[in-house]
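Below are structures written as structure tokens.
In the two assemblies presented below, subunit A is common to both, partnered first by subunit B and then by subunit C.
And then the complex of A and B:
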């Protein structure tokens, strides 16, 4: 339900969930969100449009490659910094390397940023948040899959998955390298379910590093069962 | 003696009392009451009751009160009634006094004697006093109900017996009875009649408070049954301990068996039938239930010693106690498992490896027969015990060392080989072969296979292998007996279901239709240059992989083939034919050898034929020439050469080079010699066989995965939403008929469906169906 509201209004899924909880009624929740967004847009579209047009000249509603690079550089971050993914999430970037105008404005409006310095400040808050807040990291992580997967595809090629896992998971989870090695060796493509459940599994493994208590009767994807087998067969 | 005056109550009683004395006390054998006296007594009572109606005799104020509303004649009956009652009480006290010094059987005998005499007298009294019964007693009871303390004379007699005689004697009497019973349990012959009489008297005097004409068992239960049951429990408790210590469990079981029979008889002889249930249940509790573990522990000992009779006793005893057979069933399952697995291990040891399927099957059948027989003989064909055997046997069939051989690290194979072995054995039975001369043998072996099949967990694997082998028999015409084939298929329906056998039947009908068509083609083409017998198979029903091979058919054959295609197009216009060249075979008559004038017949594959026909024009060819002229892929050409060279029909130069190596030459061996006139060169290559078996196994895996996915989708379609554990459980249940999937198998299927967006994960362990 929350996802449908998010899709129709352009808000974040988390916002939709909150609204649903508060209203307990889909129609009212949708209306409330649409009203808020409308208010924000009235105020922020005039202010933010000129900034946007620096990255997407000629009235374009999406950025091209150069525009994207400039947009990110202006915020004072490197392209290979994980905060870029948080930005993609906050600004609801539709696909890898592309920002779109309306989500861009909505995103900054949520952060109440009306000029570049404010945006830079917000970005450094995001940088902090993604490091310290596990729930927030989870939201960004789950956003990454649809963000980086090619349009119309269900599976992520293993190389691409590995690149992002290396960026996001290796610094955080001890078992991540092992996982990446396993997946690379098997040369499996990665489904959205595998992507999402991998994070759930890593969280689990924090409390059970030897995986002694892992129960394959639970709803773990079969691929994670296989991984646990291989860890158990060759503990190192 | 004249009748007393009707108004003279005392006189009337005295007149009657003499008769009463005769009725109750006198030895009737020496002449009882005369008819006249009987009549007189009756009349006297009648007169007395009727005549005094005008002068009411004072009895009690309560009685007076009631008399105001009713005829007074009935009041007088009360005086006579009271006098009779007094007399009876007096009489009973006298009887009781005489019993005081008696014990044991003497007491019982005396009691019975009194009882018989007393009850007989009571019957007469009831008749003589029937006028009072009908009027005064009835009136009093109607008025006062059961509080009145007034009874019909027959009942009065019983009440008084109970209150003035039995109550004071009961303790001694019951003690005496129990003593007698114990003594009979000790093996002393008991006198049945005295016991029966005394005990039944207790039923007779158990009057129902609600309705004096009925007896109630509660009096008997309280006074006799309860002490009896208690004594029984105590007796058997002591005996079971003693006997177990002295004679051991097996003898004890025999004793219990015998004791239970005795107690049943005891009820029939002298107890009230109602006691049976309580008696037997207390015996079963004390004798069996309280010792059930000791008895259960004996089971394996008896079983391994093959002591069928004792097994039977043990089974019968334990089956009387709820749940006590459960441990025995578990033991039986384990025992069957052990024995079955040991039998297979022994078989492997004896043959120093895997024996042929025939021996394997007969060993399994022997194990099954043995336990089947055991269930019939020793366990009365009990469903519970049969289930225990079957559970154990299922493990034997699917888990033994031949079914799941261990590799060198001791890891057991994942999939059972039993289905394949059963299929291969049926193939060897149904194939043309000198070994299967006897049809009866074949029949019974097939029946054995079907029997084992019921226990095979991976039935789908059997189906796969059976179809594959059947298709080979049909296509290669190696089936020995069409009737036997069809009867086997119809029997497979019971085990594998219609869906499966329908497919097989389609294969048979393809063959029949092809035979008809071959006839038609022969008529159509009466003078063929070569014999050509095409078989047309329906696509999708035959597990015969189509291998697309380009090669050039010799001209002669090509013409026949084209003629056939035209013919076929005429009957079935528009159908597309794919030739399964790799399943084709041919017979060639050859005359090149000097050793035989009549020549030889070679049975060859199509590819071998193509190669050999080249030698009609020449006697020597290089490998490259063979490949070029036949147009066959190198691999197939070399494969075709394998057995031709092995049989020395073609000679390779240089001989030492590997088959088909560049530059090798193959020349016709004119010195070829063979004892047989027909030589079969169409043998499967070892690599092909291995490939086929692994292929089949892979297909089975793939089909299982698809099957599981179908099942899951079906469940989710109905449920829309389901949590992980229930989904796995339900899928497991539904798949069970075909094979036993592991949790992992099911999880793989679920993952595949989630990845392909048929299902969506909600939270961490909930799935939602995506239409």
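And then the complex of A and C:
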């Protein structure tokens, strides 16, 4: 339900969830969010449009390659920093390497940023948040799959998946490297379910590093069952 | 004067003379009691004594009198009886105590009469034991619990108990103890409390009974050991134990209380029988019994085991193990002698032996079920254990590198029966053979695979005119339908229907077409095996080609929206052959037909040329040509060079000297029976089965989820395997993979709140 609201209004799923909890009625929640967004846009579109036009000249509504690079650089972060993915999430970037105008404005409006210094400050808050807040990290992680997958595709090629896992998971989870090696060897493409459940599994493995308690009768994807089998067969 | 009235003198009633307690006791009561104890007659009347007791009690001497009575009895027993009792500890103490007790009980009755008022008044008010009860307690303490001199912690009662146990055991060995005395002693122990406290039971229950029950185990356990160690035949041991159970029942009746008898029986059952049965009914013994159909012995063992009241039966387990190892041996022997070709005798042996095994364990299961009165579900346990092993055939085959499955064996077996002419076997006989085989179908896990294998052979029977009897064909199909439901046999029924429709259609076609008489079977793509419905074109001789086109035109004009594809590999033709030796009728497949037709005018052609003209590949000609050149009965062609090899450069020409003893000649095509061919076919079937299963699992998941909208993983897996269990066993892993597939294709999604819950996306 929350996802549908997010889709129709352009808000974040979390916002929709909050609204649903507050209103307990889909129609009213949708109306409330639409109203808020409308208010924000009235205020922020005039302020942020000039900044946007620096990255998308000629009235374009999406950024091109150069514009994206500049947008990120202006915020004082490197392109290969994981905070870029948080930015993509916050600004609801439609696809890899592209920002769109309206979600860009909505995003900064949510953070109440009306100029570049405020944006830089907000970015450093995001950087801190993605490091410290597991739930926030999970939201960004789940956002990454639709963000990086090619348009019209259901599966993510393994090398691309590995690149992002290396960036996001290796610093956080001990078992991640083993997982990446396994997936690389099998050369499986990665479905969205596998992507999402991998994180759930890593969280689980934090509490059961030897995977002794892992139960394949539970709802884990089959691919994770196979991984656990291989770890059990060849404990490192 | 008035007469004086007589004067009435009113006197104060004279106060009853008080009785002196000490005087009355020593003068009257004590001597009287002593006489009673000694069983001597005494002169004083009960009335006088009673009166004295009455008066003493009324003078508040009850308590003192009660105490004097007790003290006196104690003193009496210690001085007059204890020595005698002790002397008898080395002899027959039971008889001695029995006599002593009989006298004592009698005395107590008299004492009770004398001291009746003490009982009625003082004992009740003061809430103390009656004089008789006090007497029993004193008897216990002063006689039964006498310390035996020079023996630490040994009392007279211990000797008594030991002797009682010894007497019971002696009887178990066949002796004849004094059961009257024993009975008396047990009565005594039953009436004397173990302790004064109101909570304790009698001496018997507290002391002797547990010892008797213990002694039962102590007696019989070594007996069992002895029987087993001396390698007594198991049937004899079982009968022996059965005898013990009977005798213990009757022994008890004479002197043991009912509760003890029940305890002995139950301890015999739960300890002795439960321990002995698994030791006697060992796996090899069960195997011997099963092989010799020793039903009575198995029932005897089951009857004994039934008494132990266990929820599971060791006999049933051992029969199950035996069934499994026997089935395993049957599988092994079939697989080790299987070579791929001419396997029918092996198939028959495998099925026949399996059926014999099935019937024997089924019967035993039913018998045991009867014995256990339904408490142990023997048949189900045994049959399902056996079925596991039966279904291991396929994995064993893979291990022994044999490319064969049980479903194929079963289908071949049925094919063999159904192809036999009814002349060789009587119809009812075949009918029962067919319906017996249905139990194996029922046990078969991969029913979907069997369905494919069965249809492949059925297709051959139908298309090669090998159906002997429609009734017999339907016997097994009916059983299949009953076991797996109508959907399992729909394909098969449609195959028969296609044949029927084809027959009718051909009759119409023959009226419309005047060329070579033909019969074309039109079969529908989705009901027949893919090996039948795949296209296979061979260039035909002109007369047949004409007939083919005529049929095609006629068929398409009579139907709409149909498309015909020809599979000529099932095609046969009848030829008339005129050679100098005579006229023969030939039945040939389309391949040899096309080859033979090339040689009508005495041509000499290389095999290469034959291949070019018939559009038959060389690989296939390698199979078509040998029967025409080498088979003694059908040497229609000659070959140069005249050797056993087939090379593209070899030249063929017609054998004008052909002769045969029979006017009808059938030329069999070797195709379809070669190992490579059947392996390929098997692989195809396996791939189809896998594909069908994946579809079936997905369909089942969607069906469940559509109805339930939201469901947990565990429940979904359970439901899906239940739905599919009639067709095949869907492993949780395979169901999981299909769930993953459905998530990826967005039929399902995981709940955000709980990733182990799936939600149906409508």
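The rule is short, and it goes like this: the second predicted complex is superposed on the first by the 236 of 236 C-alpha atoms of A that agree within 3 Å, B and C clash if a C-alpha of one lies under 4 Å from a C-alpha of the other, contacts with A are read in each partner's own complex, and residues count from 1 in each chain.
In the analysis below, contacts are C-beta pairs under 8 Å (C-beta built on N, C-alpha and C of every residue); 3 or more make two chains touch, one makes a residue touch a chain.
Note that the structure is predicted; figures quoted are calculated from it, not measured.
Per the definitions stated earlier, placing subunit B and subunit C onto a shared subunit A by superposition produces a clash between them.
Contacts of A:45 after superposition: neither subunit B nor subunit C is touched.
Contacts of subunit A with subunit B, set against its contacts with subunit C after fitting on chain A, overlap at residues 154-155, 191-194, 196-197, 200, 216-223, 225. In the complex of the two chains, the subunit C residues touching subunit A come out as 712-714, 717, 732-733, 736-737, 740, 743-745, 750, 752, 755-758.
Residue ranges of subunit A in contact with subunit B, taken from their complex: 154-155, 191-194, 196-197, 200, 216-223, 225. In the complex of the two chains, the subunit A residues touching subunit C come out as 2, 154-155, 191-194, 196-197, 200, 216-223, 225. Residues 723-725, 728, 743-744, 747-748, 750-751, 754-757, 761, 764-765 of subunit B are the ones that touch subunit A when the two sit in their complex.
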